[in-house]
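Worksheet: one structure, shown below.
Order of writing sets the labels: A, B, C, D, E and F. Residues in every chain begin at 1.
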Amino acid sequence: MEHNTLKETVRQLSLPESYNLVFYTSKRGTPMPHYGKMQEIVSLLREILFPGYFGDSRISPENMEYYIGVQVDKVNQLLTEQIVCGLCFNCHPENENDLCTHCNSEASGISMRFIESLPKVRAMLAEDIRATFNGDPASKSFGEIIYCYPGIRAITNYRIAHELYLLNVPLLPRIITEMAHMDTGIDIHPGASIGSNFAIDHGTGVVIGETSVIGNNVKIYQGVTLGAKSFPLDEKGNPIKGIPRHPVVEDNVVIYAEATILGRITIGANSVIGGNVWITHDVSANTKLSMTKEQTT
Amino acid sequence: MEHNTLKETVRQLSLPESYNLVFYTSKRGTPMPHYGKMQEIVSLLREILFPGYFGDSRISPENMEYYIGVQVDKVNQLLTEQIVCGLCFNCHPENENDLCTHCNSEASGISMRFIESLPKVRAMLAEDIRATFNGDPASKSFGEIIYCYPGIRAITNYRIAHELYLLNVPLLPRIITEMAHMDTGIDIHPGASIGSNFAIDHGTGVVIGETSVIGNNVKIYQGVTLGAKSFPLDEKGNPIKGIPRHPVVEDNVVIYAEATILGRITIGANSVIGGNVWITHDVSANTKLSMTKEQTT
Amino acid sequence: MEHNTLKETVRQLSLPESYNLVFYTSKRGTPMPHYGKMQEIVSLLREILFPGYFGDSRISPENMEYYIGVQVDKVNQLLTEQIVCGLCFNCHPENENDLCTHCNSEASGISMRFIESLPKVRAMLAEDIRATFNGDPASKSFGEIIYCYPGIRAITNYRIAHELYLLNVPLLPRIITEMAHMDTGIDIHPGASIGSNFAIDHGTGVVIGETSVIGNNVKIYQGVTLGAKSFPLDEKGNPIKGIPRHPVVEDNVVIYAEATILGRITIGANSVIGGNVWITHDVSANTKLSMTKEQTT
Amino acid sequence: MEHNTLKETVRQLSLPESYNLVFYTSKRGTPMPHYGKMQEIVSLLREILFPGYFGDSRISPENMEYYIGVQVDKVNQLLTEQIVCGLCFNCHPENENDLCTHCNSEASGISMRFIESLPKVRAMLAEDIRATFNGDPASKSFGEIIYCYPGIRAITNYRIAHELYLLNVPLLPRIITEMAHMDTGIDIHPGASIGSNFAIDHGTGVVIGETSVIGNNVKIYQGVTLGAKSFPLDEKGNPIKGIPRHPVVEDNVVIYAEATILGRITIGANSVIGGNVWITHDVSANTKLSMTKEQTT
Amino acid sequence: MEHNTLKETVRQLSLPESYNLVFYTSKRGTPMPHYGKMQEIVSLLREILFPGYFGDSRISPENMEYYIGVQVDKVNQLLTEQIVCGLCFNCHPENENDLCTHCNSEASGISMRFIESLPKVRAMLAEDIRATFNGDPASKSFGEIIYCYPGIRAITNYRIAHELYLLNVPLLPRIITEMAHMDTGIDIHPGASIGSNFAIDHGTGVVIGETSVIGNNVKIYQGVTLGAKSFPLDEKGNPIKGIPRHPVVEDNVVIYAEATILGRITIGANSVIGGNVWITHDVSANTKLSMTKEQTT
Amino acid sequence: MEHNTLKETVRQLSLPESYNLVFYTSKRGTPMPHYGKMQEIVSLLREILFPGYFGDSRISPENMEYYIGVQVDKVNQLLTEQIVCGLCFNCHPENENDLCTHCNSEASGISMRFIESLPKVRAMLAEDIRATFNGDPASKSFGEIIYCYPGIRAITNYRIAHELYLLNVPLLPRIITEMAHMDTGIDIHPGASIGSNFAIDHGTGVVIGETSVIGNNVKIYQGVTLGAKSFPLDEKGNPIKGIPRHPVVEDNVVIYAEATILGRITIGANSVIGGNVWITHDVSANTKLSMTKEQTT
């Protein structure tokens, strides 16, 4: 009887009407992007960007080029494969064979352009680290920030993912920022645009939406949301995708813990937004905004 | 001298008066539930529920039944073992031998009833995915939601854990929802009752307490708490366990980021609760509730 | 051409002007502390502190001393190595050889003193568990709290890290509390001072800053921040490190979800701080403080 | 100076004149066959051929088809990949692109034909096991032979490899028989032709050359060589490949330990060849051949 | 079409008539002994028997008892499980349930008696090591022999397996000696009886049959066979199992490389048997026996 | 009672009189050489020596120097550590501290000199491969020999080990050749001296003793022994270590399967030694030597 139950359940779960909404049909044998390999790619990138801090090797100026050379080569190889999976995830071939050849030939060039961006990515991260150090009395050294700080971990994943987003790679950028979300509780959409010298302290609960635009020298604390307030629906009642709907935060703004900023509004340059405040309209430059007063008994 | 220090510390840590509050005495050799095996079970269930999205295999309609068959068989075997551990965790045998035979014979039937629920669980999750897709302009496809969205990850673990909770399995449901809590920052107690078409966006910081009741078509955002306000104490000053103390959220409610809703109150159908609000009394149906006004300088 | 692009990128990434801010130069071949080994140390400590709950072994009173003996010996060996890495991370030798001999000889004594503290750490954790049990109607047993509760997980890492912090070990304490931050979303700086019977419920988003002082019998909920309000800058405009800048929370205080408490203020004994409140001034003893009123439509 | 030595050695090892004889140039990115994956394939085949003996699963008649189905599907997938690597190992494309498309399209059909042969391979192995059982007073059961006997291990690998050899797959058959050689000391070339009811006892040191032909019901002991005596050279003095040069052993022959049989000679049916003998000419049917006499002091 | 071929093959392989000779039906869910766990047991035993040589720990006289205590406890736990599998492998229950309860209750006592034999096993191995050292001019130290010599590796597995053989455990002893056979090419049946101060040099190809009896101070070289010459058949033509059919080798005998000694004959004390000789009759004590003369051109 | 048995056995095994002959006392915390790391070193060396054949990377002329650079750097790091362990294995410090500093400072220079020898080792192996190809009609390509042939595998380990032997590193050379012995059944002592163009076919059972001297262009088959006949004892009856006692085999000699050649004798150039022969006296150059005649019935 036990076997009958199992067999019957297996049969039900194998019916197309049961699985068709939740089943990934690979195209020409291309599977889903592979989470473990994506993790390997991001680990290799962390080793490349911050040599000596990550990875087991005792890298030195003398052998630097060998290590960077191998790590870049491996990233290129693994990433090209995963980009194929990402492109095929989205492709709807009329003639299946043609299009996936297309995905394969695209992937190699995309990977190459991504790799070319790494020196720039490293330079931006160095600025982010400096900004974090200057803004946190508890930090003892650049090294502690690189190795331990969740803010830098999340920003690193974001800056990597954003480059792939700009190259129109489907799915992979989101996987990379979700890895950081899992680790740090910081949820930055890879589509967001973020300037230089960006710092996040503590970070758990931060949400930065897809169409957010953040200037230079911005600092935010844990629990800050840059979200959408509402979004227009199309004639069928479904949300219209891709419309700017998240805040613009100009240069030199500081946003304290748990502040919620919603909609396509602008927080003007040099403003300071206090903790726990809730904002749905523009804030002009140089404003200091906080809870009107403390709650009392 | 160094050895003496180590030996003396070992001796102290091995004294019953040191360990007796924090030591798990296995009954008849049955150890604690095994975290790694619980992870394996949940991974297998994810592969069963969302074929092709998780696991390494290139599953297709032609070989679907083989793969589902093996995965279900493995879940049954592993879960039966872990249910024994879970039952023994709680059992207080007068005659130790008798009762644990009891745990062993119970476990197999419970596992079977759990497996029978899987087609229903998958159907509910398909609805949750659809609700998430319809509510998020940033989502590109069902597949992206299944693979990357922390909300669906947490709801999947909850729906699995809730079935085991209904079957009165101790500890395992909590382990399963805590796995999702660790990954996503979303903390849903397995005892909560949640209807269909449930969606959580971003999700970090969400807390849904043990006796919460959530209707159909409810959507919540990051940082939302459905918590207890206070709880009655028994004559010894200890909290009385098991009393309904969390909110009831009726159909079609939306609750925005960081809202805190406490106590056995009811949020009436079709209401919209704004971000950061704090509620400890009933809200009637069709209410739109938000912060009275924005804070100003 | 592809190879030229890769080679050119590798060359750029290997230039000192590209890597010098983000490169860890190991001293005398001592690498960074090793994350995997730090995880192994913390796992072993969890097995020592809570025998039978963690690890694969079927530990019993009869073989307890063998298991504790081996685990303590392994912690001592691994930790001594990692302390060397931690000390060297910070050392700036005039004569490199001399000072790192110094790091090596220091490490062994520090590890020993840390191990001597374990019986005390276990006793404090037993109290924390009891406090958690008494404060949560959903908890079924001490065992469930030890095994599943993120609050206890984070407090365990904190209490371990704090002992190393008191022994002036660089970096390792922070790595240990960040591990818990990643797992639980609870961010406790190892420098904070926390009394007995401490309980955190749910916990995601909790931040407890470096110079916080928490008394006995304090309970806090998810999203609570004990943070700095502002901090003095030195003549160069950099924050002055190490100044007390976080709250003092006296005995028997309860702080509900999402409350934000900033600056070197004192929350007097026996006070109750409501959810979502925002506090930047002292609160006298025995105060009940909450949102002035609920938001309405 | 140390760095100079390493760099100079690296430079020398990277010169084409140093590596050109010992370097594998992959064609169109197809690497060498992968040893670990070949091991996985052979492990899966052992699970398929001897269900319940190998692998971790508790296979039963009820779930047999699920398990066999998944294992066969995985073998097909892994083997197709490795056959591509094997074919490319040997291909010398004029136009590289065309030919490797050829390798890819070939591989799938070859894998399929190999899989079709599995029922026959299992049936032959069942006969080999029976022959081993009947010939060894120390064997307690079929199961012991399947699980522990090196002879059956080596014959299994040979029968698998021989099917791939007949399908003209390069390199993979040799890898598979060398795996058994490493484990058992039994070296059977995949090109050898071996009839039914074949048994090898103990087996260490057995060598069966490429063009050997072995009839039905043959039994051999450890250290037996079926080798080539000499081989003709071509006009350049190189050995001519592929000429029959190893013995023909007819039905029902027994060959005892350490016997050496060399050249394209025939050992007639029903003969018994004694231990340590050395034979380079035909032996007629029904002969008993042994050392003329024992050595004495 | 491809899918049809796979499905048809799967169907054939799942027919009882295909698998019934080569399928292991587990009894009451007890699977085959687990090869990986058997390896773990033997590794632990090697760590116990030769402390400091095997395993990663830095064992010292001060912590010796902790390490030995844990290792013995783990062996006991793992071995008890595997003995159950071994006993069930052989049991033919009338009433299945009764007998396997029997296997379970037997296993624990057997494991305990095995563990009691470990001090004796270690003492015998120490003598074997001394004998090896004294007999090999190439050996530099006891340590080199313990760590590197295949002879000691094989003898260790034999001495362990022989204790289990004496306790009538099915299958496991054979698995343990086959592990050594795989590693070293030395094939000692666990049923053989071997005295003290036994040494094997090089060892590849050595075969020592089930009913062999070897005295004290015996040394043998690579390729030596102590085998059966022929064996009586029962009325059905099957070999009669368990009859003494291998040589008796008395004290102080040396047997050089590749010698083959067959049948229940006795090699008298203090004899020296030369390389490559072939013996099927008794050799009286104090005999020096070698090839009559060298071969010439 | 069970616990008493275990405890008593643990106590006995922890007594110095039980373990003192079989216990490795590490010096200043330096443990035994680590088998797993030795395997890693040999794997890396195989990748360096035969690029593209071993390892997972898709190495090409363009990225060759990066890969070789990293592999050489890792070998240097790992090998230096293991050489320290090897040197300490043998050192008998009067003043323990001084001498082990000595071992540490020695190790780095030895590793460097070993690495300098790699181009020469690769060149010799290329010649050995060519000799194997020319001598085996079954071999299809150099690649097949590099990847699959046990003879080349064993010779590679020997040539690596021999370089370390010449640098007076204790124990490690033996570990390396025993790895090959385990895999291939070919036992070459690292102290043997072997010329260029050396080939071993099949190889199982080959033994080449410590003081053997082999010229150029020598080929040997499976089961060949180059051993010691007897060895002088010192006044205490122990064998005198290090005296030449194995054969000298001059250029261009072929030795067929299972031949046994014993003692410090010379096999003159261009000789051919037949299978199974047994030789203990010199053989002059250009001799063809085989079994006098075949055995007959």
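Note that in this section a residue touches a chain if its C-beta (ideal position, glycine included) is under 8 Å from a C-beta of that chain, and two chains touch if they have at least 3 such contacts.
Computed from a predicted model, the values in this text were never measured in an experiment.
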(request) Identify the chains adjacent to both chain A and chain D in the sense defined at the top. (result) B, F
(request) Specify, for the interface formed by the sequence copies chain E and chain F, whether it is same or different in terms of residue numbers shared by both sides, with half as the dividing line. (result) different
(message) Quick check: more C-beta contact pairs at B-E or at B-D?
(response) B-D
(request) Could you tell me which chain lies farthest from chain D when each chain's centre is the average position of its Cα atoms? (result) C
(message) Averaging over Cα atoms per chain, report the distance between chain B and chain C in Å.
(response) 26
(message) Counting only Cα atoms for the centres, state how far chain B is from chain F in Å.
(response) 57
(request) Express in whole angstrom the distance between the two chain centres, defined as the mean CA positions of chain C and chain E. (result) 52
(message) Among all residues of chain D, which ones touch two or more of the remaining chains?
(response) 6-7, 10, 58, 63, 65-66, 69, 73, 185, 204-205, 223, 258, 274, 276, 291
(request) Assign the assembly's chain-to-chain touch graph to one of these shapes: line, ring, star, complete, other. (result) other
(message) Following the definition at the start, I'd like every touching pair of chains, please.
(response) A-B, A-C, A-D, A-F, B-C, B-D, B-E, C-E, C-F, D-E, D-F, E-F
(message) If we count contacts the way the header does, which residues on chain D are in touch with chain A in the complex?
(response) 3, 6-7, 10, 62-63, 66
(request) Give every residue of chain C touching chain A within the complex, in rising order. (result) 2, 5-7, 9-14, 16, 18-19, 21-26, 29, 31-34, 89-90, 170-171, 174-175, 178, 181-182, 185, 187, 189, 191, 204-205, 207, 209-210, 223, 225, 227-228, 231, 238-243, 245, 258, 260, 262, 274, 276-281, 287-292
(request) Over in the complex, which chain E residues touch chain F? Could you list them? (result) 48-53, 56, 58-61, 64-65, 68-69, 72-73, 76, 108, 112, 115-116, 118-119, 122-123, 125-126, 129-130, 134-144, 146-150, 183-185, 202, 204-205, 221-223, 257-258, 274-276, 291, 294-297
(message) Touching residues of chain E toward chain C in the complex: what are they?
(response) 57-58, 63, 65-67, 69-70, 73-74, 77
